[in-house]
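Both of the next two complexes hold subunit A, though its partner changes from subunit B to subunit C.
And then the complex of A and B:
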């Protein structure tokens, strides 16, 4: 029943896509100023049906309708309601439907909210976007249909991988999808701009809100993924330079560069071609990432059972996208002359773009090189943290400096008046760094530089905050929040890296272990039955002799029944200054448990500063509204 | 569209990348080793964990009716969970020999691990840097490979061995 409803809805959406493309191509030739009413109507219907199809799938998961293969494979009646819903996008087919939903919704919103812009430009955007929608709909129907049915109907489902049953992971995919798939709309707009000749300043105005929305959600999505890895995987880290994490960073670098260049295009009406390249690149990189992860070329928790035919389809689609966009770009490309003064804001924004391009290339090479090597020579290597740390970290130092200095320059040309201010701030940063170095411990020369640069950016941003409060000039606020967030992020990651404590040992109930100024006392063990798992909970009394603080930590071993899996839940006590982190795992045929104890300074501050970066973007979006 | 060298280079680079991706798909599951079932192990040589002069190779494996190659590490919690099944296998069944490959571990920790939990292995090889394990297509541990006396892989278990898989192994070596 749900299977037929879902299929009918998807086919309706497909038909509407064709109708929209047909009607829009007819309407382009008309010289009237406004777009025909029926195109709006078709687009609205399309959005409604897409959303309905997604709801149909959610209902399938909620009522555990195992006649849908997708529900049977990824759900179970004993799953809590929340995870039944989240299971909808916790698998390949369901997430593809979500993908189509975002394409369609953005297509409609762009059509409605950009009414002040050129008709031809809007219609071309609509056409390109609907071609993308068609591509993904065919993929969905032919290869990955979430509404395929199964007969006889199974009595029980196979269940969702327990490590995916986590609140952070339930919201991580939708955030990332809005972020990555949202890029499709300015991909389409860039193509439309090339086709219709509607470029320059006004083009920047038409896409800037959409770029910001995508940027905010991408940033937030990546952070939530990282938080999940920290709390759920129990490895005690938050970024591993894993190929899949890298795949998510590539579009992020491109979109961050785009967001900055767009300001130059809007204010100075230059850099048009570069902005177009970045628009195209961001979405192409998003699809490339999806391809690499979904086809199973890169392996990780994100690889839902891999399937070669799936890979070939996305690859074909990707090739079409790249070649058509390149050919259109080169045909329409006009040479621009740039006339930038060295001491102007636009020069510094370009500097930001060089850094972003450099980071992007580094990560791209680190990600692609092993794949190339494997295919060409059969040699398997993995490029890990050492490579990225060596190449990227030294560049972060000048990057932080430019981030602090750049926004202080005015457009077109500025005078030298504030160099002495920078000098005092750098001096301040050096002094703070020396104090940290002297009182808390030694670290390398490079770390010193990183700390100085980060503190400099933080100080500069704090001064900016004060200025904003005095002048009530709120339009600088989003930038300051994001830049301050980034400075703090680098600073806290540095501190965390330098001053972490980690210890691995075995204990049984009643035993005590001393580590530095901590005492771990394994007091008791209890067993608890939950709806979809059984938990073995250890009770640990942790005493800190430095401040005579006693805390209780309760790490768990969870035994899930469907599918039968063991997971280890870390007990984490979070304070502003540090996280105490304790995991335990059972040792068979023995009363001993293996304990991993970590004291990680400023973890919560890392999350807060990362969230600040994306908060800056959200603040800007709300400011934009008030301005209108 | 005017043709220039830079454009040609861009196109060549993109075509090359897409070609590599396509080839990569054919090699698909280069890390998903389920496709290895039925294939033969070759160039097999392992050095004993505590003794550099002692090693094991293909010839030794041919003498066993069945060999279970198990990848483990002291730092890996699920390895502890599967350990009792390995001990059961080694105790009960004479047809099967178990080889442990210690993966990205410290020698001291690995020895303590075996001292503490018991040693089910007829031979413990070392792979301190994880290089050999990559050749076996291991991407996470624990993993186990069951081979017969012709060195053909007949079963591959990704993740810890549990009750069902334990029974399956017993069925296969009957």
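And then the complex of A and C:
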């Protein structure tokens, strides 16, 4: 029943897509100023049907309708209500439907909210966006249909991967999808801009809000994913340079570069071609990331839905996208003359793009190099965290410096009278760094530089905050919040890296282990039966001799029955200054348990500063609204 | 004036960084640089598998025998192949991997330089 409703709705959306493309192509030839009413109507219907199809699937999950293969494979009647709903997008087919939903919703919103812009430009955008929608709809129908039915109807479902049964993970895919799939709209707009010749400054104005929305959600999505990895994967780390994390970073670098260049295009009416390239690239990289993750080419902890047959389709679609965008770009390309002064804000924005391009390509090379090497020479290598840290971290130092001084320059040309201020700030940063160095511990030369650069950026941003409060010039605020957030993030990651305490050892019930000023006492083990899993809970008494503080930590080993899986839940005690982190796992054929004990300084501050980065974007979105 | 400031800063930096040599090999650092071959993208440090437990013992034994970090990696590579280490060694095959990012960075810098140079030229005319 739900299966047929879902299928009908999806096919209706598909038909509407064809109708919209047809009507829009007819309407382009008319010289009237406004777009025909029926195109709005078709688009509204399309949006309604897509959203309804997604609700149909959610209902399927909520009432556990196992006649749908997708529900049968990914749900279970004993699952809590929240995870039944979240299970809808916790699998490949469902998330593809969510993907199509966002494509369609953004298509409609762009059509409705951009009425001040050129008709031809808007119609071309609509056409390109609907071609994208068609591509993904065919993929959905032919290869990954969430509404496929199964007969005879199974009595019970197979259940959702327990690692995915977590609040952070439940909200993480929708956020990322709005961020990544939202990029489709300025991909389409960029193509439309090339096709209709509606370029330059006005083009920047037409897409800037959409770029900001995508950027905010991407940033937030990546952070939430990272938080999830921290407490759910049980390693105490928050960034692993894992292929899936890298895949999510690629479009983020591109969109961050785009967001900065777009300001130059809007203010100075230059860099048009570069902005177009970035628009195209951001969405292409989003799809590439999806392709790499879903096809199972990459070996990753985050891979939950990989299947080679999907890979081939996405690869085909991706090649078509890249090929057609290249052709259109080069046939419509017009040479621009640039006028950049060394001491100007636009030059520093180019510097940002330079670093972003470097970060992006380094991560891309790190991801793809092993694949190519394997194909060409049959040698298998792993490119992991050490590679990225060694190559990228040294360049973060100049990046932070540029980030601090860049915004201080004015547009077009500025004088250098404020150079002395920079020197005093750098001096301040150096002194703070020496204090940290002598009072808290020794670290390498590179770490010294990182700390100095980060503190410099933080000081500079604090001064900017003060200026904003004095002058009430709120339009600089979003930038300052994000840059300050980034400075703090690098600083706290640095502190966290330098001063983390980490031990790995085996203990038996009743044994005690001493580490620096901590004593870990493995007191007892409890067994508890929960609704959908059985838990083995370790009771650890943790004494800190420095301040005579006694705390109890209770890490768990969870045994899920459907599907049968073991997960390890970390016990985390969070304070502003540090997190205590303890995991235990069973050692096979022995009474011993493997214990990982960590004291990680300023974890909560890392999350807060990362959230500040995306907060800057959200603040800017609300500012824009007030301005209109 | 500017130059003096810079020199001062650099001197301070160099004096502060002299004390930082710490030769002790951290066991966990070694674990983190090794891939658990039976897992999905986990390091030996992160994994709870039997394979990881075995490798941990091997690393401990070899360290006790007085082997260096590099020797341990080489031993494991000879046994399991290069797939096991997360930091690819700098050799004929991996030369491009280590070199390309910096090449890209240099090319990017040059492009930027030429854009600014050309703008200056345009203005002079």
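Basically, the second predicted complex is superposed on the first by the 613 of 628 C-alpha atoms of A that agree within 3 Å, B and C clash if a C-alpha of one lies under 4 Å from a C-alpha of the other, contacts with A are read in each partner's own complex, and residues count from 1 in each chain.
Everything that follows uses one rule, which is that a contact is a pair of C-beta atoms (placed from the backbone, for glycine too) under 8 Å apart; a residue touches a chain by one contact, two chains touch by 3 or more.
These numbers come from a predicted model, not from an experiment.
Check subunit A with both subunit B and subunit C modelled on it and let me know: fit or clash.
clash
Name the contact category of A:116: first (subunit B only), second (subunit C only), both, or neither.
In the superposition, A:116 contacts neither subunit B nor subunit C.
Going by the contact rule set out at the top, does A:318 touch subunit B (first), subunit C (second), both, or neither?
In the superposed model, A:318 contacts subunit B only, not subunit C.
Is A:395 contacted by the first partner subunit B, the second partner subunit C, both or neither?
In the superposition, A:395 touches subunit C alone.
Using the touch criterion from the header, give the chain among subunit B and subunit C with more contacted residues in subunit A.
Counting residues of subunit A touched by each partner, the higher count goes to C.
Tell me the contact category for A:295 with respect to subunit B and subunit C: first, second, both or neither.
After superposition on chain A, A:295 lies in contact with subunit B alone.
Could you say whether A:576 touches subunit B, subunit C, both of them, or neither, answering first, second, both or neither?
Touch status of A:576: no partner.
Considering only touches as defined above, state whether A:445 meets subunit B (first), subunit C (second), both or neither.
The answer is second: A:445 touches subunit C but not subunit B.
First (subunit B), second (subunit C), both or neither: which does A:326 touch?
first
Which of the two partners, first being subunit B and second being subunit C, lies in contact with A:155: first, second, both, or neither?
So A:155 meets neither subunit B nor subunit C here.
Let me check the overlay on chain A: which residues of subunit A are in contact with subunit B and also with subunit C?
The answer is residues 299, 380, 504, 568, 585-588, 594 of subunit A.
Could you list, by residue number, the parts of subunit A that touch subunit B in their complex?
291-292, 295-297, 299, 306, 308, 311-312, 315, 318-319, 322-323, 326-327, 330-331, 368, 371-372, 374-376, 380, 504, 506, 564, 566, 568, 583, 585-590, 592, 594
Help me check something: in the complex, which residues belonging to subunit B touch subunit A?
1, 7, 10-11, 14, 17-18, 20-32, 75, 77-78, 80-81, 83-84, 87, 116-118, 134-135, 139, 160, 162
So in the complex, which bits of subunit C are touching subunit A?
2, 5, 9, 12-13, 16-17, 19-20, 22, 27-28, 31-33, 35, 39-43, 45-46, 48, 50, 53, 56, 81-88, 93-94, 96-98, 100-102, 104-105, 108-109, 111-112, 115-116, 118-120, 122-123
Given the complex with subunit C, which residues does subunit A contribute to the contact?
On the subunit A side, the touching residues are 233-235, 237, 242-243, 298-303, 337-342, 347, 350-351, 354, 357-358, 361-362, 365-366, 369, 373, 377, 379-387, 390-391, 395, 419, 423, 426-427, 430, 433-434, 437, 442-445, 448-449, 452, 502-504, 568, 585-588, 594.
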